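Below you'll find a set of structures to go through.
In what comes next, subunit A is part of two complexes: it sits with subunit B in the first one and with subunit C in the second one.
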Partner chain A sequence: MFFERALIFLTILSVAFGQTDDEESFLFVTKQTINRFLVQNKEFTIKYGLYNSGPTTVYNVHLDDAHSFPIDQYELLVGTLSAKWERLNAGANLTHIVVLKPKQSGISNSTCAIVTYQKSEKNTDVQKTYSSEFGDVYIMTSREYDRRFSSHIIDWVLFTAMASPCIVFPFFLWFKSKSKYEALVTKEKSSKKAQ
Partner chain B sequence: MFRLLSMLSTILAFLTLIILTAGQNCESPQFKVTTYSTQDARLTTESAAQLEFTVKCKNGKQPSNLYADINGQIIPCAQSVSSPGKYYISGSAATPKQLARGRISVKLYDDDSYSALRKARADDAVKAVKPFGEVELICSGASYGPWLPSEFFAVIVFGAIWWIAYRERSKILV
Partner chain C sequence: MSNQRSTSRDEDLLLQDFSRNVTTKSRALFSGNAAVVSAIPLWLFWRIHQMDFSSYFIHFILGTIVSTYFLNLAYQNMKFILKHKIAQKREEAVNREISKIFASDKSANKKDKDDRVLTRKNEVADFEATTFSIFYNNTFYLVCLLVLSFFVLKNFSPTVNYLFSVALSTAMVFLFSTGQK
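Coming up: the complex of A and B.
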C-alpha cells in the first residue's frame, strides 16, 4: 500500500519536473545551399536558418562555420562565417547568407556549423548545437558549366570562319560567271539597239 | 556652507547623469553599405540578398545592437565576430520577382528605438517611432542568360544565305 503510494507520488513528481523542459527554448539550425550546381570559380551561396522553438528568448547566439570551408579551398565573397546575434525572440527565425567561391573542383565534404547560445541573459551557461549539413557535393569545373550554359557566341564565330571557304568559293565562281554573262547580255542589247 | 556643498553635489550628479546617457547614444550615424544580390538565376534555386554595413557615429560610439525592419518583421542584425563593427542583414526570396531590380529601403533600429517599438501597440504609435537610420538594398536583378540564344542567330544567318542561293539557283534552272 505504502509502496504503491510512494510510486504514484514519484511518478507525479517526475512528470511535474519533466514539464519544465518545455519552458526552455531550443535553437534549430539548418544549413543548405541554394545553388543548383556547384561550379568552380562561380558563386556558391549558403543559407543558414536559425529558428527558436520554445517560449523564451535566447541570447548571445554565435554561429561558427569557418572549419567547414577552409580558406585554401574557398574564397569568401560576401558575408561572414562567424556571426553573432544578441538575441532571438521566441518563435522567430533568422537567415544568414554567405557566398563563397570554390577554388578547386571535385568532390567536397562539408561538416555541420556549430552554434552556441545562452538560454537566459544572466545565466552564462552556453548551450551548443549543430546545424544540419548537406554532405558531399560535386563541384564541376567551369568548362563543364560553360559547355551547358554559356552563350557559345565564340563557338559560332569560329564555325562561321571555318565554313566560309565552302560558301565563299562557289559564290565567287557563280558571281564571276554571272557578271560575265550579264555584261555579255547588256553588250548584245546595246548593239541590237544601235542596229 | 554645507547646504551650498550639497546643492553643488546634486547639480554635479545631475550633469554627469545627463552626460553619461547622452554619450551612450549614437548621434547622427553614417552608414557605409555594400549590397549583394544573386546575379545568376540559372545557378541558384532561390534569390539571396545581403547588406553589409558599418556605422560611424559622431561621438565615436558604436551602437551595441541593431535591428532591421524587413517586410514588417523586426529581426536583429548579425554582427561579425572576427571584425567588430560590421553588421549584416540577409534574406532570401523563393521567387526572383521579390528581389527584382531596384532599391529596397530597410529601416534600422537601435536598442532604444527597438524597445520603444515593442512598447508601441497601435499602428500610429509604431509609425511614430523614429528609426535609427535607413539603408538601401540595391538589387541588380538575377539574369537568366541571354534573351535569344546564339543558335537562333546562327540559324537566321545561315538560313538567309541558303535562301539567297536557292533563289539565284531557281532563276538559272528555270
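Coming up: the complex of A and C.
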C-alpha cells in the first residue's frame, strides 16, 4: 500500500517536472524584406519579427545580423543590425526595422539573423535561435530599374514632337495639292449640272 | 528639224515619266527624310531602353545606315507606283487648269497646250507621289518600330530589341513598297 502510494506520488512529481521543461519559452524569429524589388543605390527595408511562444518571459534578447549585410556591400541608413531588448513577455510580439542601401548589383545571399536570449533572469545560460531567411536575392542596377518602371512621359512627349513634322508636313503638302485638284474637278462638274 | 526636236522632247518626257530614276533634288529629299526618320527613334532607345551612346554607338550607326538605305529605296518604289495612278486621276483637273490659263492666250496652239498639260500633269503627279510616299512610309516605319520595340520585343535585352525592331520594321516597309501594284 505504502509502496503503491509512493510510486503514484513519484509519477505525479516527474510529470510535474516534465511539464515545466515543456513550458519553456521559445522565440520564433522572422526576417523579411518588405520591398518587391531590390535596386542598387535605392533603399530597402528589412523587418525582423520576434514572437515569444511560451508561457514565460525571456530576458536579454539580443539580435545580431551584421554578418548578413557587410559594410562594404550595404550602407546602413536607419536602425541597427545589432539590437538588444531587456525582456520579451510571454505571448508578446516584437518588431525591429532596418533600412539599408545596396552598393552593388547582382545576386546577394542573405543568411539568417542570430538571436540569443536567457530563459530566466537568474539563469545566465544563453539560448541561441536563428531567424527565417529570404535566400538569394537579385539586386538590379538602377538603369534596369528605370528601364522597367519609370514613366518616361516627357521622353514620349519629346519623341512625338520630333516625329510629328516628318509625318504631318508631307501629309499636309499632299493633302493641299489633292484638295486643290479635286476641287477643280468637282467645281466644274457642279457648274455643268447647274447649267 | 523642229519636228525632230519636238519628237525628242516628247521622248524625253515619256522617258522621264516611265523611268524609275529620280532627280537630284528628289534624291536629296528622300535621303534627308530617311536619315532623319531613322535617327529619331534613337532618342527612345537612349532614354527609355537606357542604351547609352558610348556603349552602343556601333549598333546605332549600323542600324541607322541600314534603315536609311532601305527607307530611301522604299520611298522611290512607292513614288514610282503612285505617280502613274495619280497622273491618271489628275489628268482632267490639270486639263481644266491649263485651259483656264490658255483661254486668254489666243496665239497658243493645241500642241503647246498638250505639252503644257503633260508637263504640268507630270509635275503634280511627281509632287503628290513624293509627298504621299514620304508620309506613308514614315508612318508605317515608325508605327512598326514602336509596336515591335515596346510590345513584341519588350522583355528582350536592349541590343536584341534595337537590332530586331529596326531590321524587321525596315524590312516590312521595304517589302510592302515593292509588293504594291
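One rule holds in what follows: the second predicted complex is superposed on the first by the 139 of 195 C-alpha atoms of A that agree within 3 Å, B and C clash if a C-alpha of one lies under 4 Å from a C-alpha of the other, contacts with A are read in each partner's own complex, and residues count from 1 in each chain.
Quick note on the criterion: contacts are C-beta pairs under 8 Å (C-beta built on N, C-alpha and C of every residue); 3 or more make two chains touch, one makes a residue touch a chain.
Keep in mind it's a predicted model, so treat the numbers as computed, not measured.
By the document's definition of touching, neither partner reaches A:Val126: not subunit B, not subunit C.
Judged by the touch definition given at the top, the superposed model places A:Leu158 against subunit C, while subunit B stays out of reach.
Legend: residue contacts after superposition of the two complexes on their common chain; A:Leu184 is shown touching subunit C, with no touch to subunit B. In the superposition on chain A, A:Ile71 makes contact with neither subunit B nor subunit C. By the touch criterion stated above, A:Ala92 is placed in contact with subunit B alone, subunit C being left untouched.
Of the two partner chains placed by the overlay, subunit B and subunit C both lie in contact with A:Ile167.
Among subunit B and subunit C, the chain that touches a larger number of residues in subunit A is B.
By the document's definition of touching, neither partner reaches A:Ala6: not subunit B, not subunit C. Of the two partner chains placed by the overlay, only subunit B lies in contact with A:Gly79; subunit C stays clear of it. Common to the subunit B-facing and subunit C-facing surfaces of subunit A are residues 152, 155, 159, 167, 171, 174, 178.
In the complex of the two chains, the subunit C residues touching subunit A come out as 33, 36-37, 40-41, 43-44, 47-50, 90, 92-94, 96-97, 124, 127-128, 131-132, 134-135, 138-139, 142, 158.
Only residues 143-144, 146-147, 152, 155, 158-159, 162-163, 166-167, 170-171, 173-174, 177-178, 181-182, 184-185, 188 of subunit A touch subunit C when the two sit together in their complex. Subunit A makes touch with subunit B in their complex at residues 34-37, 39, 42-43, 45, 47, 62-64, 77-80, 82-88, 92, 94-97, 99, 149, 151-153, 155-156, 159-160, 167, 171, 174, 178.
Contact residues of subunit B toward subunit A in the complex are 36, 38-40, 42-46, 48-50, 52, 64-65, 73, 75-83, 86, 88, 90-92, 145-146, 149-151, 153-154, 157, 161, 165, 168.
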